[in-house]
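Read from first to last, the chains carry the letters A, B, C and D; within each, the first residue is number 1.
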Amino acid sequence: MLELTQTLNASDRVHHEIEEVLATGRTAWQQYLFFKSRAHGVCVALDGDLQSCAADEGLYHEALVHPAMLSHPAPERVLIMGGGEGATLREVLRHPTVTEVVMVDLDEEFVGLCKSLIPDWAEGAWNDPRLELRHEDIAAYLDHASGGFDVVVGDLIDASDAASPAAGLYGPEFYARLATALAPGAVVATQAGPLDPTGLAGHRRVRASLNGVFSRVLSYGVYVPSFTGLWGYTIAGTADLLPGGVAERHALFELRTQERGIGLVHTGPEALAAAFALPRALTRVLEAGA
Amino acid sequence: MLELTQTLNASDRVHHEIEEVLATGRTAWQQYLFFKSRAHGVCVALDGDLQSCAADEGLYHEALVHPAMLSHPAPERVLIMGGGEGATLREVLRHPTVTEVVMVDLDEEFVGLCKSLIPDWAEGAWNDPRLELRHEDIAAYLDHASGGFDVVVGDLIDASDAASPAAGLYGPEFYARLATALAPGAVVATQAGPLDPTGLAGHRRVRASLNGVFSRVLSYGVYVPSFTGLWGYTIAGTADLLPGGVAERHALFELRTQERGIGLVHTGPEALAAAFALPRALTRVLEAGA
Amino acid sequence: MLELTQTLNASDRVHHEIEEVLATGRTAWQQYLFFKSRAHGVCVALDGDLQSCAADEGLYHEALVHPAMLSHPAPERVLIMGGGEGATLREVLRHPTVTEVVMVDLDEEFVGLCKSLIPDWAEGAWNDPRLELRHEDIAAYLDHASGGFDVVVGDLIDASDAASPAAGLYGPEFYARLATALAPGAVVATQAGPLDPTGLAGHRRVRASLNGVFSRVLSYGVYVPSFTGLWGYTIAGTADLLPGGVAERHALFELRTQERGIGLVHTGPEALAAAFALPRALTRVLEAGA
Amino acid sequence: MLELTQTLNASDRVHHEIEEVLATGRTAWQQYLFFKSRAHGVCVALDGDLQSCAADEGLYHEALVHPAMLSHPAPERVLIMGGGEGATLREVLRHPTVTEVVMVDLDEEFVGLCKSLIPDWAEGAWNDPRLELRHEDIAAYLDHASGGFDVVVGDLIDASDAASPAAGLYGPEFYARLATALAPGAVVATQAGPLDPTGLAGHRRVRASLNGVFSRVLSYGVYVPSFTGLWGYTIAGTADLLPGGVAERHALFELRTQERGIGLVHTGPEALAAAFALPRALTRVLEAGA
């Protein structure tokens, strides 16, 4: 039996049984593994870390994309950082206000593998005329980006560990550079690692980086079964980003999904609004780091 | 290295490293294990299944107790089924409206172990004059119970498996019997197993049982880190139980915690209200079974 | 972290960490996995079962081949059943008496993968003019084999489980058919599953099958680190096969390796002779089945 | 499910399922765990390391004791270092030449637990009038030992890791001190850690220590199923200790077991003689360290 084993925290380890390896190898940038899981369907791992599984990628990607997109009154130009599977792109393009999406994913070979091995995840998004797909380092891209993005969605590999090669993509300098590419009123969303109370260092680092650049930073979390954990995200923007509590968020998300005709298949406006209502056991630790 | 291994679903298994075994043995009813975990503090397992850990039992027990207690305008008489650790009792007694709590836990020896090994979990509740502690079979107790309970809280061992010896405590006959012990307008809460989309059979069985007896049944879930999963609960009652959406629930929980002077240390009124806003990926499956 | 997990017996499971997957996929007959292990070098698994690792395949294959070859005074015609990695062939060809080797391995694609991915294991054997390599079912081959083999070496996948698809290749009918392809005085060797005292059913089945056909059947075992166990083999032949005890075996193996100029790099004549001196804890159970 | 997990080497980890914990706790010196295993019966672990299991402790202890005892022409005074389970003592006392056994095990509480929890392992040896049982540090004991031991058997906890607290008990100074307590022609045996080719450092350290003190040092190994490995031992003594090869050893062990009327239930004279015939893959590495 083949298993993908993930360390969750100082005590716990989860073993995912692999039903069948579909493809594995190494691109110029990372080691990839596409496999089938009885519980979670086709899954993708990079450098030994689980990225997404068919059974709940909809949950993960809706939660990543829509709070930011719905917080913005009319997102036209969107930047996706990473997101090789094509599912972040799929969700962004659901918003009819969008006129242009620049997706920057360094690893052309990996994106190619996703196009051929999990084509249905993108639901045709790869061929959308609004897409400009670029394969270059996101930091390098920002040096020459035309800018003016209304929404930025960060779907980069996790960097809970400060020593990770991706850690720079969650640091204060990177976000300061990103800020120069934003339109007024822009919203920036990023996945931000697990919200495990015993391992919040990664998420707190992202928050600290964003707090140096944006007036308002909010954390939220959604339980993603294949990650066996509460997955954390942040959105950041101007001082009036998502004001109020769960009632106001719910009302806003409900209104804008209706206006834009977007069905949230896996989450829903109420669940997305609720995702920001983290338990105090978590917010105490998160805010201690602010 | 000693590990407690738990099967999560058809593919996944979590290994909890045990830092130190504090006590283990067999009572007349079950095998117990108290141990220390680096990530989760002192933990309790029964018959090989993790029950609670110090680091997040507050989250688990607040979520179990308060939605039901706050949904009732003035809960006076409360019945706790199981709950040997004393933490469910602790949370119930926080409500100043309570005049009498009957706690029925079959296993006197296990309750004694909790009193001596994890006394701080109860925060003095064992000595509260409002408590009547009984060690007998809950089904047998119901045959001679004086009745008139305003709130019932079920903190019995999990029975996701229909073949479990505890399965009867989640079945329709049991709830029908329980109904005879209720005051008008009573609310019944119970832990109801993990909300894992690939293993919802257990939770759906509880819902189905409750649906046969109560006019309104609601599911909610809270991510409990030591369980590496979204833990499911249900509350059931009359047709007007917790009407409306997340905004109304939030307002109600906020109001009543203030009225009763209850601080929800681990969850909070907004987080508890949000816990009912399950993602559609789950509600679709749950309601398909209704 | 990717792991190959193997069940050892009713209680134990070993996890082999995979450093890198080199190749994986499915031939017409089986699923293959070539991977790198920090402890064992390049390893090969078929249908989830570890077959051989670079670090100790020399130990495994010397132990499989040489006791039979050295027990025969002058093995000329040799049949290898299975043995896709080419290492069994390599060891057989070391004996200068050999004039012809027929190797029958059903899975042409797997043999091709071994030729390209682990070519050094064969040490040139694939090009030896004495080799006739056939890809067909071994049972079908025996129906039309020219016969007259002096030594037969079975390096087929393990069939500890009577329900395995390979179980027929270890059964009495198969060995009866094999007997018709043998020269007088022939010796038949086969790998015969782990010599785990709590799981000897597989090895005993092989012995029982051989006992129905051959006058003398001997078991022996060598500890193979990557298998985390004592691996079992049998040799079978006429009544005068390997007479005496460890002293006589040692003398014979020493004499014939010297005569034939064969260096046993991983085992040695004394270690091979000793491999037949199984502890009584094992022989008691093995002979109970005779 | 409770599991005892042991790291075997740089890649492999074995999980032993625990059927039932019989006793666990901490003495003044170490953490103990007595448990039942489906495959191996009652097992004992100290500080998280498996020590012995009922199903194969006979194999382990016969292999530890008898090569040394049979190598000596008439062992009268015997020193056992460690050996709390009482099984080493049991094997030593089988030799009718023995007139006095001093057993020094630091941990009186652990020995008491063995006496009460696994009394049958000792087969009455605890009450043998030849036994002097002492609970003190073995190094301290040697400072005042009367000396003149014919055989010493080291059954101390493993110290494969040079940083282990027990490492001193396998070092050159300890053996030099031990040498002063020996009678002429004495034989010293000790368990010496796993003979895993990728982790021979521990065994080689023991050999190096002994080589500095004794004229002849021999390694041997026996596969112990519950250890999932080939377990290593050494015997050391004067230049004429166990001369010759497997034939001579076999003859000697056969002769002396008959003379002394000792039945080797789990191993046998031939298997013990064979245990010294290690494969060249191991001896190359072991001797490279001489």
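Operating definition for what follows: a residue touches a chain if its C-beta (ideal position, glycine included) is under 8 Å from a C-beta of that chain, and two chains touch if they have at least 3 such contacts.
From a predicted model like this one, the values you see are computed outputs, not experimental measurements.
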(Q) So, comparing C-alpha centroids, which chain is the farthest one from subunit A? (A) D
**Q.** Mean-CA-position distance for subunit D and subunit B (Å)
**A.** 51
(Q) Using Cα averages as centroids, what's the distance between subunit C and subunit D in whole Å? (A) 33
**Q.** Centroid distance [mean C-alpha coordinates] between subunit C and subunit B, Å
**A.** 57
Q. Which residues of subunit A are in contact with two or more other chains?
A. 15
Q | Category of the chain touch graph - line, ring, star, complete, other | A | ring
Q) All pairs of touching chains? A) A-B, A-C, B-D, C-D
Q: Note which residues of subunit B are touching subunit A in the complex, please.
A: 8-17, 19, 37-40, 55-56, 58-59, 195-198, 221-223, 225, 228-230, 245-247, 250-251, 264-268, 270-271, 273-281, 283
Q) Within the complex, which stretch of subunit C touches subunit A? A) 1-6, 15, 18, 20-21, 24-25, 31, 33, 48
